[in-house]
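First chain written, first letter: the chains are A, B and C, and each begins at residue 1.
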Amino acid sequence: MIRQVNVLLDISGLTKNFGGLIAVDHLSMSVGEGQIVGLIGPNGAGKTTVFNLITGVIRPSSGKVEFDGKNVTGKSPHFLASSGIGRTFQLTPLFTDFTTLENVVASYYLHPRSGFWDSLFNTPTYRRNEAYALEQSLKILDLVGLGKVKDERAKNLPHGYQKMLGIARALAVQPRLLMLDEPLGGMNTDEISFTMDIMAKVRSLGMTILVIEHNMQILDLCDHVVAINFGQKIGEGSVEEIRNNPDVIKAYLGEQNVA
Amino acid sequence: MQTESLKKRRRNITIAILCVITGLLFALPLLGLSVYFMHTLIGVFIWIIVANSLRLLGLSGQGSIGHAAFMAIGAYTSAILAKFLGWSPWITMPIGVLVTVIVGFLVAVPFTRVRGIYFTMVSLFFGIGVLAINQVFNKWTGGYSGIISIPRLFAYVKNPYYYFCLALMVVCLLIMYRLEHSRIGLTWKAVAQSYSVASSIGINEAWQRILCLGVSCTFAAIAGVAYAHYYVILTQETFSFNTSINVFVYMTVGGAGLFAGPIAGTAVLLIIPEMLRDLREYVPFVYAAILLIVLFLMPQGLAGLPAQLWQLIRRPAKAKLTTSDDKAGKRAP
Amino acid sequence: MNMILTSTVNGLVLSAIYILVALGFGLQLSIMGIFNFAHGAVYMIGAYVTYGLSVALGLNQWVSLLISVILVGASGLFLEKFCFRPFQNKPTHMIVMAIALIMILETIVEVTLGGVTRALPAFVPGIFKAGSISVDNERVLAFAIGAVLLAAMTFLIQKTKIGQQMLAVAQDAEGAALQGIDTHRIAATATVIACATAALSGSLMATIFSMNPFMGDNILLKAIQVVILSGIGSIGGILVGGLIMGFLNAFLPVFINASVGEVITILIVLGILLVRPKGLFGYELF
């Protein structure tokens, strides 16, 4: 299905070569504004590497990444964050010594941006910015259901809560593109449906989502799916098309049953 | 909502107590403080500035054992300009601080490329390196025996120095406190906990660490120039590796996790040996004893003692002598 | 020509001493993960025990050396259990602990024997002549002992069971514990070896140059420099790192000047830390 969508993120020929091991092999895909795009594939397919290439954590060996029409290939992670990309991490999603609330408030670094001297002298601008950050942080925490634990140390939170906090943090960046790295990992059924509700809600607020996931349940939410294995694209299309794609099914055989 | 007003009341009480203490300190000379004790306290004021600046640097996850080098750069610059060019210390002191800040930012660029224990090693050799450079240029710096007769700030009376250093310390502490508790400090603490997460929310973590080092060495330089024009003698021993380690010890023993920690550590470790100086060559035993007592019995340092005792009173069964942050068997990073 | 020969000899001697001290420091670092800043003080105490037994009490100097090595080495057991083990995961506390140790040890010496710079008489007095080269016998001895000890250490690590266990703990302490290796016993062994070699090199250094309660401070810095050069976690690389440091410290002060030489050495060390923190050999050379 071809919809006229504004392309927000465009990747062409993205390749990463780790001294002989080709982790990502000439991957091309795009994410349209307002879509939820799923990047699926078995373990070790290279999904997180793709994320890291897009968000500037590692440099691509070749290829191009364009965000909102601008070339952002190889730029640093904080540059991409200020361009409007927010991301979560699979394994260490938080500032462990901060409380839940502090985690989100700290993430309100970019918008609004207080200068060094404003912060030092506690100017009205600074105070206004901080009040805004606090207010918004509380709203986000309520949105993701973490309101009750806002004063808990992040490292004491149970796993599911930590993942939600990671999403809350990424939302604080007020991104146009939200990149989620295995958000459903290690969650039980209730947590999974809760997370997927959040994602739908976020999309209805105008955000675009690119999600890496192992768990096939995510397909229910996606508008468009890209499947990769061994760093290469093995399938792309709507959810129906992917579900019936023989290459995708083969890739997952031995891993888990396609839902 | 009760906890909110409770917190506010505790804050106001703390501020009130601090004002009283500060007022007392200012009033001490009028209450008949001996010149000898004034001399001791001036030293305490100066070293508190350095110890807290070391803690400030630690907020961004960078531990330095070469911080005295920044004091040295400021001190020697100001001393040389004042002594050999005849300029007033009031002019050379800001220049000394400015030069140190510039050097600080310049070396921060390569130094912040490394992290953790490697950064600490770099700081160690930076400290020694500055001393070695000092030796190379010993025509001006006096090499090992150093500079003497540095022009004074005030005349030969103690009082002005006391008030000056006390005021300097209060101002520096206020600024450092403000930095730590503003978004600036929040950002630094975020960088310390996770570079990758900090980057993902738009923090340029490399620049923040450079900024933190630059700000921290500013305060070290301020203490350094104050030192130079009060003690009027600078030698190779003044800002040696031992000095840097001592400041590090003041901070750690006082409790690196609390703002009051370096203050407590510096005060205790400078004043008690002074008070016991009649023990002469046995004083280091007392010093070492204090270190050992704090190491084994006070996991949060001296400044954490009130909280520790409070815990003991409230929940004697649960109070342990080790912190809950121990990760059994994990190697130090 | 004479200067080059003398400097080469000095370089070899310094290398031997540096290697001995750096080995102990490096052992404690890689096996227990601690920065034992007090290692220099142990080196110093070794020299003073030898001095005390031989000069003050009149015992035979070789016997004094032996007793010193054994005593100081054995004290490593106490140090490991009560001073290092509690702070294995806390480098900041370890530094404070080391400072406390240094203060105690240095003050003991100052209070009993005084802080005056002394010299320990040579173990093997006399001069060794080979062609146009003449060297103190003492320096030859120091070099010989250093070489023998290094060979012994290599043999220990590579051929004996306990050496292999030490290697295992150095690479992965948790894994080694899971394999049934008694990590505490290994840590104790490492500390004892470190203290013994420190006492030995301290005594040797006292005969070649001089001794005072603060001699440990300088040697500690040299040991750290050697370990950084060779790489944290590498024991064999210390041979190369020690040689480099020894020769730098022997040649630079003579051919340029002492302070510039020090600056150059520090720049090299800083360069390694900033560009290749793993050192020249990192974890690769045994």
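Convention: a residue touches a chain if its C-beta (ideal position, glycine included) is under 8 Å from a C-beta of that chain, and two chains touch if they have at least 3 such contacts.
What you are looking at is a predicted structure, and each value in this text was computed from that prediction instead of being measured.
Chain centroids computed from C-alpha atoms place B closest to the centre of all protein C-alpha atoms shown. Across the assembly, the mean Cα position most removed from that of subunit B is the one of A. Centres computed as Cα averages put subunit A at a distance of 41 Å from subunit B. Inter-chain centre distance (subunit B to subunit C, centres taken as mean C-alpha positions): 32 Å. For the pair subunit A and subunit C, the distance between mean C-alpha positions equals 52 Å. Counting partner chains per residue, subunit A has no residue touching two or more of them.
Across the complex, subunit A meets subunit B through its residues 55-57, 76-78, 81-82, 86-87, 89, 92-98, 102, 105-107, 109-110, 114, 116, 119-120, 122, 126, 130, 169-170, 172-173. Residues 63, 65, 110-111, 113-114, 117-118, 120-122, 124-126, 128-129, 132-133, 135-136, 138, 143, 241-242, 245, 248-249, 252-253, 256, 281-282, 284-285, 287-288, 291-292, 294-296, 326-327, 329-333 of subunit B touch subunit C in their complex. Of all residues in subunit C, those touching subunit B in their complex are 33-35, 37, 86-97, 99-101, 103-104, 106-107, 110-111, 173-174, 177, 217, 221, 224-225, 228, 258-260, 262-263, 266-267, 269-270, 273-274, 277. In the complex of the two chains, the subunit B residues touching subunit A come out as 175, 178-179, 182-184, 186-187, 189-190, 193-194, 196-205, 211.
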